[in-house]
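The structure under discussion is supplied below as structure tokens; questions concerning it will follow.
Just so it is clear, A, B, C and D label the chains in written order, and each chain counts residues from 1 on its own.
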Amino acid sequence: MHVGIIFFLIILGSVLFHIFTPWYWTDIASNWQGMDDTITLTFWIGGGVFVAVCLFMIYCLFRYSYKEGRKVEYKPEDKKLEKILTWATTLGIAALLAPGLIIWNQYVNVPKNALEVDVMAWQWGWQYRLPGEDGKLGTTKVTNINDENPFGINIDDPYGRDDILVQSDYINLENNKPVKILLRSIDVLHNWYVPQFRSKMDAVPGIVTFYWFEPNKIGEYEVLCAEYCGVGHYAMRGGVEVQSTEDYSKWLSEQETFQDLIAKKEKLEFESKKLAKNSNLNLNRNIYTEE
Amino acid sequence: MEDSNKKEQSGSTHKIGIYLWIWGLLFVLSFFSYLVDWYQFQGMLRWSLILFFMFLKAGLIMAFFMHLYWERYALVNVLLWPMTAIVCFICLMIAEGKYTLFSRLFYFFVGG
Amino acid sequence: MSDPKIEGFELEKGFKGMAQDTGSDQTMFKGVHWGKAMMWIFLLSDTFVFSCFLIAYMKGRASTPEEWPNPSEVFALDAFGVPVPLLLIALMTFVLITSSGTMALAVKYGYERNRKMCGYLILATALGGLTFVGMQAYEWSKLIHEGVRPWENPFGAAQFGSFFFMITGFHGTHVSIGVIFLFIYCYKVFAGHYDEGKRGWFTKMKGDYVEVEILGLYWHFVDLVWVFIFAFFYLW
Amino acid sequence: MSDEYENKSGYQAQSSETIHAQSSEAITGGGSGITPDMDYVRPAELPEQDLYHPHSFIEKWVFCQDAKVIGVQYFLTAVFTGVVGLILSWLMRLQLGFPGLAGFITAEHYYQFVTMHGMIMVVYFLTALFLGGFGNYLIPLMVGARDMVFPYVNMLSFWMFFVAVVVLMASFFVPGGPTGAGWTLYPPQTILEGTPGHGWGILLMLISLSLFVIGFTMGGLNYMITILQARTRGMTLMRMPLTVWGIFTATVLAMLAFPALLVSSIMMTLDKLLGTSFFMPTILKAGEVLEYGGGSPILFQHLFWFFGHPEVYIVALPAFGIVSDLISVHARKNIFGYRMMVWAIVGIGALSFFVWAHHMYVSGMNPWFGFFFASTTLIIAVPTAMKVYNWILTLWRGNIRINTVMLWCLGFIVTFVNGGITGIFLGNVSVDVPLSDTYFVVAHFHMVMGIAPLMVIMGAIYHWFPLVAGKMLDEKLGKWHFWITFLGAYSIYFPMHYLGFIGVPRRYYEMYDSPYMTSGVGLNEFISTAAFIVGAAQLFLVFNIIKTMKTGKKAEQNPWKANSLEWYTSTVPPEHGNFGDRLPVVHRWPYDYNVPGAEQDYLPQTAAPSEVAHTEVEKT
């Protein structure tokens, strides 16, 4: 008897925990409301099945616990019941799968007007690159990366010259404007993940991966690395600030382009050559050795 | 166990002719697939010929040298059905390989 | 082999027979020796090993933006001063198929309890296998001389060498193991262990000519894998 | 007799739409009259197995060829690795629940614990325990064989596994420590600086895995061929206990899935040792371009999960099978929908080769794969759900003994259904996007392939201990053991899902400095405390076993009044050869409980129809 009661309390506790939990998802800040809705739907259907199965089990415990000489049913199978259960389950599964696939279809089809953002990851940090006036990002190559060219942009690619470089773990995005995140890693797997945006994708060295979202809530969010990438994994954080259009364009205009960087480096080199005569100033600080 | 083997032995063994036939056929087919390279066929023709000769050779070896042709269907089916998993793996990896190549060419070479 | 005779019922053929076998008691593969069934299942598992190797090779080759070396040129061999494409590989294929044929005949004579023929044919198979391994060693050393390494090669994509050494190496290991066993079985046949049902060295199981067929299955499988490697690696 | 037999016999049972196989009456072509033909089972196809009896202590207990001893050897070795895994999990929970309390746990150590815990528990503990341990012990007994078909190879299999475990454990003592690459061993970080144990640690891990695969292949061949080719007279496939079905299907999966692991291990070893670039693209580390280039890390993930997903079912299917038997025996009722159960096991096994990339939805693979793998994954939910329904329908209208074994089964049903439902979240591609790589995943797989199979293992230990040791385990201690373990484990993993909802990523050494994660502090402390208690509660079992061996009640021949053959051996515990002079002859399926008209509430599989002619054994 008490066994059934304890199991019943566990099920009841689980349901109550789910209803009153203080630990639930963060407020959504992107267009992926559909994901949350599908989760809620799955909770209803799945949770319903869980409770039903467990309650039926508990009922059996109360009703059919051992009694000498109890008459037990001998019926190896019940075709009709099995058929009903199979079809009901199939239907339930289909009801869950359909919205999942519809949303995935949106997830892999990026809107044409999305802003491409190149996210470059390494052990253990991030930096970002935005297209310049031509609206296109230049091609890159890992072996190009050096002090003068921290993003490894192919110098002879005309699209790359005006690219806007953000050499920081933090980036700003424009509210209500779809963003296509292009992920690139120069060493191991990483994953640019903002819980409030609900979306994520691994950055894989050797290829470029992508996903998209549309931020729709102004505010600052933390970026987490969600794919294990070595001992610094847990500390690999960054940030996103979603801004209104005015704030965003102000921020954007303050960023330097690849062209600026080259010009600055050339100027610096020229001066350092002069300086070098007096001192051996070492400017070869390599950003990738910082952790 | 022993008995069943003896039974098998007393059962018919195959005529030597069939082995020699298959043996010869394998040489001929290998020669043909070598000719595919010799004449430097290219494109679909090359691939389909290579695959055709390959499967024919593999089939002959399995069917006659490995006696699968004479085995009961229970064994044959147990051996062949798992290959669907491999076929699925191959098909998906073809798609994956193409996708990787596209990603590399597009983002590292072509751009735009 | 051919349908066994089993006391107690008549065996159906085809799919009907399959349903019959599956539904029956005691054994599912009627008349199939335990060891033979084991070898078949092992080969199925090994097929998955080689399939994974070849799939990895396919994926690697399909996704490299670098030029893949032309195997027809890389594996060419000078014969009388003229480079003949894939000459060595063709010879290796010839040797392996020859040995496969002798093995098939050895199995046949084994079942006919023709000790001498069976023994000589196994010996021929073993020598064929040995030749194959020797030619492969020659091929490897030739390529290494030309600068092909597992990590790089002068002809193009680095993965070419990696996959070449790994896949042919793994196949070569199979051949070598096969050759060792062929020699052992050759001894056992000539010594008459299978005629008198002498117990094996380790397993203490009684010897029987079915073991020749089991080894034969393994050897044909090695040949079978070579068919695929030949097609995918050398011809493709 | 035999015309009738030949024409109408067992082979119709397969095609006719009934479970005739359960009753030999089908074999005589129906009819309830008592005829001499009724008990006819066709003669043995094969002569008796030629057994090699041990001649010395070493042959008897060390290099033993008796599957039962090998099973116990496997069991004990696996349990040893399991204890190591448990201690590692304690250390991890110590760090997560009370960061800084144990100062010696650095981030490196933490990741090493995570990796070794995962690998040990999945491969060396659960796989070896179910297939090596229970498989070896139960298969020959349950199908009525004298031993495994290749006892010598079986012995080698165990020792290969043993060497694999030694190599694995050795990696704790090499310079750099064991690998800390995560149990999935994703390249490139696995073999690069920045990951703990990227030198010796990872090499030993790969070698150990390869040895495990080789050793397992030897064992697996034995299990498969014994089940297919060495059943006793009358034992059709459809009369095998579901335990055997579960182990059999899992073995098939293992034989076909482990090759992918072997291949990826070999390729990664070459990447590490020879500098090949199978999985290694061009990499810039610390300002230097490494000598790799052109490889694809995602290829490894495909190979790994082509092994990894069937591996999940390699652990789950034996558990499904065993729990079906336990429930049926202790509910004193036939298993509901036996044929459905068999087909579900086989179907789940077959489908498991077509779903692997659902572990990779956010890995950057070809995005179109999402549609294919989400569909196949959710299709698997249907046979799995059918199994759950059949378990509870077996309880329905039964006569349920609520003893320790049944408690573990009930615990299994609750945790498995819970974990199965969360699996639907993760299998459904777009729902997986926000949840993957978070604690939701950790909670899900621990619930479904950690706790649920563990419940079955415990139930199986209480159930079969009388057979193995000849003594009954103490019920009272067993119940304490169950309740603490079950309540504790449930309260570890149920709330953990909600950490995942907040968005806490897995494999974080420390996580409290983010604003939306601070709320998880209390929860983590609670989870850790529960984990310590659950781990310690396993001492109940140890104590129970010691106590039972010393003073426990001697078990009778068939203490649970079960039907399957393992309880009908010549002695308890069974000796080498299992069944004495004559092998049992099987006349029915193993689930004839409470057959109307029978004197007792069970009919052993060996009960001949003529002995129980007055019963109304189900014919339709």
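Convention: contacts are C-beta pairs under 8 Å (C-beta built on N, C-alpha and C of every residue); 3 or more make two chains touch, one makes a residue touch a chain.
Note that the structure is a prediction, hence the values are computed from the model and not measured.
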Higher C-beta contact count, A-B or C-D? C-D
Chain A and chain B have mean C-alpha positions lying a whole-number Å distance apart equal to 43
So what's the Cα centroid distance for chain C and chain D, whole Å? 33
As a quick test, compute the distance in whole Å between the mean CA positions of chain A and chain C. 48
If you average the CA atoms of chain B and of chain C, how far apart do the two points sit, in angstrom? 13
Chain C, residues touching no fewer than two other chains: 22, 28-30, 32, 34, 37, 44, 48, 51, 59-60, 63-65, 206
Give the residues of chain D that touch two or more other chains, as numbers and ranges in rising order. 45-46, 50, 256, 294-296, 298-299, 302, 306, 368
What positions in chain B touch 2 or more of the other chains? 1-2, 4, 82, 89, 93, 96, 100, 104, 108-109
Overall pattern in which the protein chains touch one another (line/ring/star/complete/other): other
Can you name the residues of chain B that touch chain D in the complex? 1-4, 82, 85, 88-89, 92-93, 95-96, 99-100
Hey, which residues of chain A end up touching chain D in the complex? 3, 6-7, 10-11, 14, 17, 21-26, 32, 34-36, 38-39, 42, 46-47, 49-50, 53-54, 56-57, 60-61, 64-67, 70-78, 81-82, 85-86, 89-90, 93, 96-97, 99-101, 103-105, 107-108, 122-123, 142-143, 145, 183, 186-189, 191, 193, 195-196, 198-207, 209, 222, 224-234, 237, 286, 288-289
In their shared complex, chain B is touched by residues of chain D numbered 45-47, 49-50, 256, 296, 298-299, 302, 306, 353-354, 357, 365-366, 368-369, 372
Complex interface listing, chain B residues touching chain A: 100, 103-104, 106-112
Chain C residues touching chain D in their complex are 6-10, 12, 19-20, 22-30, 32, 34-35, 37-38, 41-42, 44-46, 48-49, 51-53, 56, 59-60, 63-66, 150-151, 157-159, 161-163, 166, 170, 202-206
